[in-house]
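Lettered A, B, C and D in written order, each chain numbered from 1.
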Amino acid sequence: MTQAERLRVAPHQEQVSSIRSIVPRYTAIRRFSEELCANLGDEDFVAQSMPDASPLKWHLAHTTWFLERVVLERFDPEYEPIDPTYAYLFNSYYNALGDRHARPLRGVLTRPTVPQVREYRDSVDASVLRLLDSVQDMQRVELVRLLEIGLNHEQQHQELMLTDVKHLFSLNAMLPRYRQPLPVEPAAPGALGWVEVQEGVYSIGSDSGSFAFDNEKPRHRVFLESYALADRLVTNAEYLEFVEDGGYLKPELWLEVGWSTVQQPGWESPLYWHRRDGGWVEFTLGGERELVPCEPVSHISYLEADAFARWAGARLPTEIEWEVAAARLPVEGNFVSSGRFHPSAAPRSGGPGLRQMFGDLWEWTASAYSPYPGFQPEPGVLAEYNGKFMCDQLVLRGGSCATSQDHVRASYRNFFYPPDRWQFSGIRLAKNRR
Amino acid sequence: MTQAERLRVAPHQEQVSSIRSIVPRYTAIRRFSEELCANLGDEDFVAQSMPDASPLKWHLAHTTWFLERVVLERFDPEYEPIDPTYAYLFNSYYNALGDRHARPLRGVLTRPTVPQVREYRDSVDASVLRLLDSVQDMQRVELVRLLEIGLNHEQQHQELMLTDVKHLFSLNAMLPRYRQPLPVEPAAPGALGWVEVQEGVYSIGSDSGSFAFDNEKPRHRVFLESYALADRLVTNAEYLEFVEDGGYLKPELWLEVGWSTVQQPGWESPLYWHRRDGGWVEFTLGGERELVPCEPVSHISYLEADAFARWAGARLPTEIEWEVAAARLPVEGNFVSSGRFHPSAAPRSGGPGLRQMFGDLWEWTASAYSPYPGFQPEPGVLAEYNGKFMCDQLVLRGGSCATSQDHVRASYRNFFYPPDRWQFSGIRLAKNRR
Amino acid sequence: MTQAERLRVAPHQEQVSSIRSIVPRYTAIRRFSEELCANLGDEDFVAQSMPDASPLKWHLAHTTWFLERVVLERFDPEYEPIDPTYAYLFNSYYNALGDRHARPLRGVLTRPTVPQVREYRDSVDASVLRLLDSVQDMQRVELVRLLEIGLNHEQQHQELMLTDVKHLFSLNAMLPRYRQPLPVEPAAPGALGWVEVQEGVYSIGSDSGSFAFDNEKPRHRVFLESYALADRLVTNAEYLEFVEDGGYLKPELWLEVGWSTVQQPGWESPLYWHRRDGGWVEFTLGGERELVPCEPVSHISYLEADAFARWAGARLPTEIEWEVAAARLPVEGNFVSSGRFHPSAAPRSGGPGLRQMFGDLWEWTASAYSPYPGFQPEPGVLAEYNGKFMCDQLVLRGGSCATSQDHVRASYRNFFYPPDRWQFSGIRLAKNRR
Amino acid sequence: MTQAERLRVAPHQEQVSSIRSIVPRYTAIRRFSEELCANLGDEDFVAQSMPDASPLKWHLAHTTWFLERVVLERFDPEYEPIDPTYAYLFNSYYNALGDRHARPLRGVLTRPTVPQVREYRDSVDASVLRLLDSVQDMQRVELVRLLEIGLNHEQQHQELMLTDVKHLFSLNAMLPRYRQPLPVEPAAPGALGWVEVQEGVYSIGSDSGSFAFDNEKPRHRVFLESYALADRLVTNAEYLEFVEDGGYLKPELWLEVGWSTVQQPGWESPLYWHRRDGGWVEFTLGGERELVPCEPVSHISYLEADAFARWAGARLPTEIEWEVAAARLPVEGNFVSSGRFHPSAAPRSGGPGLRQMFGDLWEWTASAYSPYPGFQPEPGVLAEYNGKFMCDQLVLRGGSCATSQDHVRASYRNFFYPPDRWQFSGIRLAKNRR
């Protein structure tokens, strides 16, 4: 089975596991993490390209640590870890779970080795499956609930594995390829259209029916003035116009922090664009290739998205505007299971309607990542999962070409800092309507 | 006339100047800036205590520069500045107005001297008053409008002069006094009460009737779930309980960025608190004195306000919640004109109702400083006044003991970064209601 | 009496005070510190332009603090300081004398005011003179010895006052003048000549006859291979050739740390040179003026001096080579008493012989600042005066146009870090001889 | 053949290769680099633990790059590199050889993989051996001369490989072992003795007879006052006394830069010491073990060596004093070929005479790393090998337990920065004699 085939059968089930369905779902998602590294050498698992990124090996071990500390130790007081040092090495940021290895130094952890990490994964998986067999009734409901969080957590790290290896490879003058070169597909997304939404009181957020993180709750009412949303993502061609118009040289287009950011070296275009022989190339997980005009512009910071929107006479949507517009759309698009690992051009418009709302690229919103009215963090150690990051970050919506389709939904809130751009992030415009 | 007397007659008029009233208002506000420095030595005008603060002399010159560049040069094409270098030295952050002296180095500007800055002020004032006499009709309306912005700008810097000189003096082991020692007034604010607001669609923001900054507009509708607001500010006594309960040592109370901030030296209490002989003292503009339990806790960062609220089982209000509750209250309280320059204990509660909503201390809200729906920046160079800072900051409401009473209003949005605490900032709690 | 006249009568006596001569010498040197600030405004005393520099006021107070803590408190156990806080504020780096105000924050000390610092000086001076009257015999010898260190210490700070105010003014776009514009004097120093010294065993360092710092002792023998020393300082014209030959762009000319230093902004010429309209100007204590080719190039770091020497096919002398050559020369030249505060062109050569060895500019040597064989630090707190800085610094020799003539001698060792260049520092070349 | 056996046969031949002997010497030294990594996993080759250290893989590739760029490309104009990107990736600091990958980011180079680096080594080795067969006469002499530099260069990196992997492993809470646990050997080095040297004119430096780096030349005369040198290295027991006497807490013992350094976390003992259960353990290449009192204290910075010497009432020797004393001793001791990779206790003294002068630990001297009188850098690109680092560093002498015996000699000058302590560095005391 080739990598592409393997990826094509990647997990895409219901978002919440029943007691019956959890085992195959667990197995599939855990296996998928390892499939994502199948074509890499052991050396590739070790390196950390910047403090924000982590080594692949660390992702594989940390997601396992999560299951061990959050699930196994809770249900089995006698549980004995395969190595007590792992509790220290693979804690990310949970103060309630003790001290930890310094984040910017994750790249020094050459041990445990890759095979040892695989052994760790196997051992924890065996314990989890054994536990599922043995727990009773009510406990089982809670176990499945926690495992579901663990699996969603693993899916988040699967996405980070892809963005982190992309960043890592981009710093290497050998320009390594994670996958085969990307084919250029003929596409003609057409001119940008606008979809209007009327003013009114709407509800956003997740109700309790299906899995959602605590930060998506509670469902609550909001008032929206009328607005319009662009019917597709901004393309490379459109962004290139901004670059060639001197967009990075005009202070009036930028937020203050944006302007000081683009004074730094390396900020005259999106993260992975480079000038070569008078044209532009883009580094992708399939290697470096010429910029494809009709594809959506990606690896954009909030600061750039905001400046582009201003240049374009528009603005970014709020997360509320985004969610209200997305609420009734099916969760379909270019996800990780395509094996493309790169955004695709929007399909030609077949009339009014939003394209690319899910998959392809996370879409920056103008909304600060804040608690919803009535927000209650998960009880226990998982209180640290989301709530404590609700400062200085902005919400992105919709998932990307590195996201699992069954991981995302209309109410899903991703969040990053304004200058971050190593994620698969892009731009959807909005505007006021009168 | 003593300083206290002079301050008591400080400006407190209508918020918008008519063509007739502008002259006395202009004169009074400009004079007030100089009165605020009346008891200081020339040395005190020079120093910059940190990059966020500015020397007093710089404030006096920059507010003058603002009038020169934004008003005089616009109306009088032949206007000749008293010194062309000032255009460079006293530009704060206006890219449209050219290069400028580096912000963190404002403290090296020993020249122009204090008398030269006074001369600069006099010269610009004379030109402004001459201009007011000479412009005609429609032009005059626009001139008064711009002058009104210039005067509000000056009032903002008057507040900064007080907070900057306080910070400066606090770093000096001689503990200089800006004013006489503060009397301790008997007060008993009583237990914290709560004022409830019902869910519904409300309007916030400024309509066009009176002066407001662009960031307060347009007035627009919002939906609010029901909530309750504390009826007064959090006191020193209440905050001390938090400190003594180990509040600064419990990671579960803090945002991630808060926790990393309080690992730094100097973050075990509010900015100006110090332990002395087993007790606590507080540095004030009247020198160091014992902590007064019934006064509101001040010089609090957002990070601390948020942690305290969590510890107290409450939360911070959003700016929307604050404004809706404040909308019908008179703008009354402990403002700069009291000459106290320090928050006062809340008056004893006379029944249900909000106390201390205006004056005393700016109140941190949980709302990111973002554009309102339909926000339009001021045209021209003043577009840089507010809009470009709408990132990474949080909104504070209500004004402080360093604010001019005729400068603030229910819709007024102040904004600072989460760790900032050299402003007169405090805490009002909120909570959900069911 | 004009400033120039006052300066002309500045101290120039014996280097060691007898018990009789100490009083007029003390009075003259102390007065000279204040004369150096006579034309400045109070604002100019406050600012600190960088962590390496100090405010003028701080220099005036610290030299007084030195007398108080090192002399007065030692001889008079009942001595009561005028303000106990000064012990903390004006300690520079003496761990044995307690905690101190943070060095980079000296610019926040607006208090004590300039008049208060003058009062502090007067008070300490009165105590010193009283003490001189009252101590007996043997004690008096030790008192004069310590006062002599205190006076030499003050002379070092007099030089720093000039270099620090020059640096401060250079950062101000108003380009303030410390003194009248410098006249350009006709001069023709002629081509560079070389003075040879034969190989042999020489003695360097100070013997006990006259005042010297501990770092100049003991006198000891060294072996020197034959060498030649340039007969004057490198001129602006010669250095300009280096600049225009792309000297700052050729890595092969630079030490590793030099090359990384000149990649930073502001390192394409000596510190105070600036390009204006195709030519070069230089900022001086007399304001900005056109570069004078025949004057010696000044405000040069060791890194630049070393690169220039390599470009010129020469090298820098060691401090041993310098001292052996200087040992028999009279200590004459362009010192602070000239009131010029700027290096002068070398006099036309009147035949073989070294010019400009004393005064004009400190001359970088290739010698690390290390202890001499048998070095013994001063006993007591003064052990911290020199010894603890013997790491990472290089020795400069000969004094400058900001040095007092009676402060310097052939054995005198000044020391700064390789990138430092705000001192009056220049280049004398050396080469091997075969 | 076990690792220990392999190491026992490690290269120990003449220091300069004849035309005949170069081939086996080349083969042995090149093979030794790979043997040093024989027990490591591929992951261990990738990580960079700090900017000063490099990944093992990088060392293996860079030493190969050196042969390619400095030797092969010079003799064979048609030489085609196996991968042109390597010229960029594996250049360390040679400006004359073009741009290079940023030093602090060497740990991101997961590609080329370990097998690819081995292939690179094999390919270059084959080309070198082919070249040796084909060049004629005079060219051959120059070829052997450059190869000799290349081999000495490789030996330097072999030492770095050991110190870098030790540092890397030390940061990992798993405390990996590079070799078997170290046996504790009974030893009793006895009390410290002193060996005296009389004053006089001596010659130091290398004459042209055998291989030496440019920085060891020319041989030249120096004058030395009489002095005494400790007859062995300072032991752990002696250093522990210093620690327990509060040595790290007494400012009077430290250089200024030393005192500010030991205010930082992690500076209360030598680099690899840690307190455990009231005692001290030390991290070694054989894992963590209890501190062995009679072994020499290692991983000491210059700053600590200097403070210890002051505490002990002694001082560090100059490099001249060291070399004069070492000149007639045989180059014998505990070198890398012992396979111990750790310093050994000094043998019991058998009468007056210096012990441990070679091997065990590099010995800090008080001498700045400066050019000798008459220093001439190697011509061509190798001018960058030594000369440009002659600033801010101090000389160490004698080699260590990680040095090849045939690499070091009495005139050999190693150099590091004052705070560096990840090398095998220790302390030999000196004192004045009268």
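One rule holds for everything that comes next: a residue touches a chain if its C-beta (ideal position, glycine included) is under 8 Å from a C-beta of that chain, and two chains touch if they have at least 3 such contacts.
If you're wondering where the values come from, they're calculated on a predicted model, not measured in any experiment.
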- Centre-of-Cα separation between chain D and chain B, whole angstrom: 60
- Task: Would you mind pulling out the distance in Å between where the CA atoms of chain A average out and where those of chain D do?
- Result: 46
- Query: Looking at which chains touch, is this a line, ring, star, complete or other?
  - Reply: ring
- Item | All chain pairs that touch each other | A-B, A-D, B-C, C-D
- Message: Under the definition above, what is the set of chain B residues touching chain A in their complex?
- Response: 93, 95-96, 199, 201, 220-223, 225, 227, 251-252, 254-259, 302-303, 306, 315, 366-368, 370-371, 373-374, 383-384, 388-392, 418, 432
- For chain D, which residues are in contact with chain A within the complex? 41-49, 57, 83, 85, 88-89, 101, 105, 107-114, 168-169, 171-174, 176
